């Protein structure tokens, strides 16, 4: 049993935010950097702590570490309720780890206006920890938005090509998604007649008194498309590659790695158990959109990319398709697969973004046509990149495999045809993944690259890059080899979440 | 028959687990600590391989056959286990992998001695051993799939060993992707199987099928897709010749002896699921592959490519053998004659797999020795006269050739006979094709043998060829011995009876027919090749019959051409088209257009502020009018 | 002849209001516009007085006091602005005063 | 008599009001405005609001209209060339005139009010105003005081020429 | 009127009930006294006195926040004091304080008299505080006119600038027109409600309570309806609701920055304070009329404000048009009030959040503006984050709050409004509101972009270097930081304040 004298969840949220505030109020740069190590380490340590003690701390309603804090909005049923269930736990840990990696990378990145950079990243980190620690639906949304704001500014200031347009497009899209889902959440709250935004009581209320089917359909549509935009559901995804292409690496790591999972998490944790009728009504369209749009069309589009970061961005969109498919399957297995995939994809895509930036620092370009043969100069970087690529295309031994496998298995029950199409996507991802690795690292360098490397001889991966990369890779392998580290807690919680759907479907 | 034990003695299980973990540990240690210490890495890897071989033999010789598993993942009703099913089949495969693996490891010590990335190479070998053992041990299809993918990964890493060569990079990519295509079906098959039977555990599956569960033909066929990819059957055979870009020991171990045979092993594992329709398909795919690859092999000039196509052809043999299926046999038991079905396909396929592993690994290592001796020259027309320069290599290679073309008494002779007998019994057309393939096999093998080893050296590198050190020659000798004796089932300890008793044996008249056929095809093929080819620097067939030669070349290239056409002209263009549509249509026209329209409205709204007071006053007036109409009830909201 | 009923007073007040409004809309001279506005205020006072008389309540009449005061103050301030503007721009035609737009 | 007076005064008021709107000369407009106010004051008398009539004349006709005239003279506006109306202006003016007419007619059509004057005459005596203003409506009176104060200050601020030295730092 | 009645009326004039307003008036006069008494060099302290005095009054209001029971209708029912009106008192006082603080910055760059400015602000604020408590159309009109005339003067205060005077004239004419409309509406209501021919006619028919009774008994009276829409159009002018919003950008641009703030926050809030009372108590039986009118107004206001702001590059016009869309959001809440308990609290919370964020923005604007107060372009913000990170941060926080992004107060305001609107079943309007939020992101973040991203290229024609910025004084630092922090704090912690508000 956890025996910390404080609430680990609250601390992991507050620590980064507090440092961000301190930096905003004028903390000197040296201290900012030093304390940033601490502030990024705390959430990661807390995350590992709660992961370790989760089983012992589990209490009623399937939540552990449940605590309430009043913020004066009881009249609206809003209360800062922190806690973790089996679904939130892995994502909480994910947020901690990716945050640590991104933080370490950012601190060492030597970015211009480093203090502002760190401050924004810390805000993001605090928000991310909050998203998955919140039991209260309102705060769940709230923390997401909190983590979202820095993205805009970071893309705008430190972004790459097209940063201004990208920042604006990203922001508008994400705001649209957020607003739609907010409307959905409000609708859910109001129509449920619950007196609290608290997920536990919402669930109790709705189990006793479900919302009418047509209303459920409408609310689910709001949530599906709202969250869908946030998770880049085709065809509402075009912000993602553009934004990730432009975003600075630490930001892209946190956004694509963790923040994006908000939408899926919301669907699993909120929409699905509370709106079973709506889910069953929409699962078909969702699955088809995901498989044709995200997996196949975006898969093919990914093949056509020649810009490394765009490619990673598109591949991330594609993999979100699998996650949607898992949700559409609606069973414990499918949802479990989604959570596994979320965690795995979060780690792997963060790793890929980190490494693409590292590649950029050595080649001064993201264009894969102008690369090649880099592995001769930077074997370790190549090894990491290949590992990350293979992880993301679902090689066993990495966490992603479990996610994809379980989703496929679950999907078969939903529709064998869709399963076949989805599995075909695995081939597509192998094509672009390996092609990318090959054109960056293998063969002979292009003349352009040779010119660049002659001027700036590329060093292999430095420790400042290696350590964050190792954190991510180790986590990927750890889960890959021991999936039960996640699935045990998931199993019980998901059975709870999937039950309303199964009961409704059975009717 | 193996004995099923629910409480296996822990020691044997521990041995098995140890066997699985050893190479993994070796790979991990190399990856983490020995990246720059190639020598130590090699030593660690070889030690692991040695230990593994020893354990393999101990496990096989020990009479214990057991099953054990533990749950790896559970979500909802779905549970995935990591388990070991150690029966005779697994034991046989384990020993093959262990012994050939050890030979190749030792060979690599010499072959890769000066390589800059020795650590990566040996790390890759260790990973491969780990993955391959996983397949061998797997007690369920999901686990098999996992290791299936992992052998693909290690194959990718090892083919890509010399990654600065564009061709190696391409070949590794191709191998992985083509395998993925096969795995696409394999995975679907596993999932379908899971839902059809509620389990993918091999033993439980067997129990269910024996209990009368109906098997849809789609399931075995989907599962067969995996074998098509991994064992390089038509139409996914294209990756294997290209995979020769990897170091030769890799070709010997992975792309000849073990990994590519995993497809056959897998088929044998799921033999219970095979329904006649599926078997027919499998049989014809195997037969076609055997013939096609043999035809292609004739026009190769790269020593390894010849061997690669030969491997393809032999794999086709095995698949065809498996596809031929069961054989009705008569047993005398206590005076009464029982007719029972014997899984002869499994026996024949596995038997040929075993012998093939020995002689093909032998030949590959031989070719490696040749290549090493000739300073990495691989074109047989630039060799010649190596008989004298590298006598040991020559003699061992000769044993390999003899074994594969089916000289009586050598390993290949027995296994090929078993297959031909089975084919004759079950399907005449297949028998005809396989027999013709055997002619071709003898033909191209003798061609290779003659051009490489006879005549005079046709290049400087061949002129300065020399025999390698002990690490290079010792494995050749060991494998040569195995190729000599591997065909005698009596040579094997009694522990593999579970497999060997399934080997079909011709009796009486059939025996004679097969013997004659076998000898005839070998003789025809070998003789015509010996007569046709001269050890010169050009291909005699190309000179004498250019049409035939070019036709065969075109046949060989047809698949690659088709795939290249698909990839470059269809797939890539489709991708670019979709990308274009997305950029221009979705992100451009629709989204930018929409925002543009909103912006225009914005400009319009802004332009309404004309700055003139009396215009603004009209706004007020309009507002009042509308509100007035509301009040008067003229406008009903 | 129209008999002076409450209705006629109301209509008269309305007519005055309308004329004032029309003047505000039509005229470009700021001072005349301002007169129109004052007419509208006067129309309201007329209405108030009439209602007050016919309804028999006093509040309307009292209100007129306040309205007159407010109107006077408004005129004073308004004319001050107009004068200051004229000093700057040499015009008080509303269609020439479009320095602020878009 | 009362009817005649009413009609006369109403007509005067309306015609003068129209005169304000249509007269080309600003001075004339101001004069019309004054006359119109006189008419309204007369109507106030008819409505027994003698005090208000008086105040109206005093404040409006006396002060406000005079102020208008004064400003018109000051700015010397009347000689300015008149621009012809643009077609759009004419259309808009016509339409708005029509709409205003409709509005007034609707007022006439829909008004269903008691026609007879009340028996008691509110505001007949000056004392009543005093009572009201200094008891019930004392607060508004106070506010009006402040209103006048700020408008006075405002006019000063807007009109007076300040020397630099007069401006507070 | 007999003496007895006079005595009763006089006794109900409980001056202590309007102590804050009186104090403000006295403070205003005191400023003038100081101007005369103090030597010229000391005049700069007068603004400080004004601010400190207002803070003292604010403390007074807060201390006396809870109303004495039974004495909520002083001055013969001219006033009606409720918790809402108390909150609005605090609101207007706060606004007045911040306007004074901004005025210190802006006036410092002009060669103009200053004391009068503070004086008028104080009087106008007192008028608004009374307005919020008004329970009688006469008082409402008088207070409103006091505010309006004060604003006429304030808008044209920088009379050295011809554009400012033009804005003054425009505001004057349109303000006077809307006052006339309002007044005529009052006349109609007064006349109808007091008419003996109609059932339930009232003797004191300008009193809200009696009027409400009358309206309840005559729910389809044309004249009453006409009066109501005229009153509504008068108020719509104040809050800047479509189509009475058209004056906003021009006047906001021309007006001095503190006055723009005053218009944008106080004047708008005054309109809403009246609207809350009228639409939801007095006119409630005319819901058939008021409800659709306000709903359509809200929709049109939201759409128009956001669209027009989209391509705007003058920040004063931009903030004005964005303010129009805020009026739309607030109208959403107002429409919901009669049907949803707690919606009033939502509107008030929104107003407070809007106040906090707006004044932070205006504070920054006042510092960035040059000598020409009407010329404030987005381009002038280029590089602000580098040169003055404090102002840039405050600006970003405030704009984020206006845009309604968590964790800022503006988001909570929108959330409460949305919840109320959803409970009231206004789904169509909500969709419009959602789209509006998304559109508004574009221009708010465009502003942030101008301040933060250095690659911002000046739009065509803007070749002039940005004006020199004012130095941020200590008081301004404190004020702006407090505003920014409050924006953040109220975004996630409302505490007892939230509990209080949402109980309305």
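Per-chain residue numbering starts at 1, and chain names A, B, C, D and E are given in the order in which the chains are listed.
Throughout what follows, a contact is a pair of C-beta atoms (placed from the backbone, for glycine too) under 8 Å apart; a residue touches a chain by one contact, two chains touch by 3 or more.
The model shown is predicted, which means the values in this text are computed figures rather than measured ones.
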(message) Of the chains shown, whose Cα centre falls closest to the middle of all protein Cα atoms?
(response) A
(message) Based on mean C-alpha positions, I'd like to know which chain lies farthest from subunit C.
(response) B
(message) If I average the CA coordinates per chain, which chain comes out farthest from subunit D?
(response) B
(message) As a test of whether you follow the contact definition, which chain pair has the most C-beta contact pairs?
(response) C-D
(request) Express in whole angstrom the distance between the two chain centres, defined as the mean CA positions of subunit A and subunit C. (result) 64
(request) Measure off the straight-line distance from the CA centroid of subunit C to the CA centroid of subunit D, and report it in whole Å. (result) 5
(message) With centres defined as the mean C-alpha position, give me the subunit B-subunit E separation in Å.
(response) 77
(message) Measuring centre to centre with CA averages, how many angstrom lie between subunit A and subunit D?
(response) 69
(request) Could you tell me which residues belong to subunit B and also touch two or more other chains? (result) 606, 609, 611, 613, 617-618, 621, 628, 632
(message) Where in subunit E do residues touch at least two different other chains?
(response) 1, 138, 142, 145, 149, 152-153, 156, 159, 169-170, 173, 177, 191, 195-196, 222, 226, 249-250
(message) Multi-chain contacts only, two chains or more: what residues does subunit A have there?
(response) 172
(message) Run through the chains and report each pair that touches.
(response) A-B, A-E, B-C, B-D, B-E, C-D, C-E, D-E
(request) Mind listing the subunit A positions that touch subunit B in their complex? (result) 169, 172, 235, 238, 242, 297, 300-305, 331-333, 336-337, 373, 375-376, 379-380, 382, 390, 395-397, 401-402, 405-406, 408-410, 412-413, 416, 419-420, 423-424, 426-427, 430-431, 434-435, 438, 441-444, 483-484, 487-488, 490-491, 494-495, 498
(request) Note which residues of subunit D are touching subunit E in the complex, please. (result) 106-107, 110-114, 118, 128, 131-132, 134-140, 143-144, 146-147, 149-151, 153-154, 156-158, 162, 164-169
(request) Can you check the complex and tell me which residues of subunit E touch subunit B? (result) 169-170, 173-174, 177-178, 181, 222, 225-226, 228-230, 232-233, 236-237, 242-244, 246-247, 249-250, 289, 292-293, 295-296, 304, 307-312, 317, 439
(message) Going by the contact rule set out above, which residues of subunit C touch subunit D in the complex?
(response) 1-12, 14-16, 18-23, 25-29, 31-32, 34-36, 38-39, 42, 45-46, 49-50, 52-62, 64-66, 68-77, 79-84, 86, 92-93
(message) List the residues on subunit B that touch subunit C in their complex, please.
(response) 606-607, 609-614, 617-618, 621
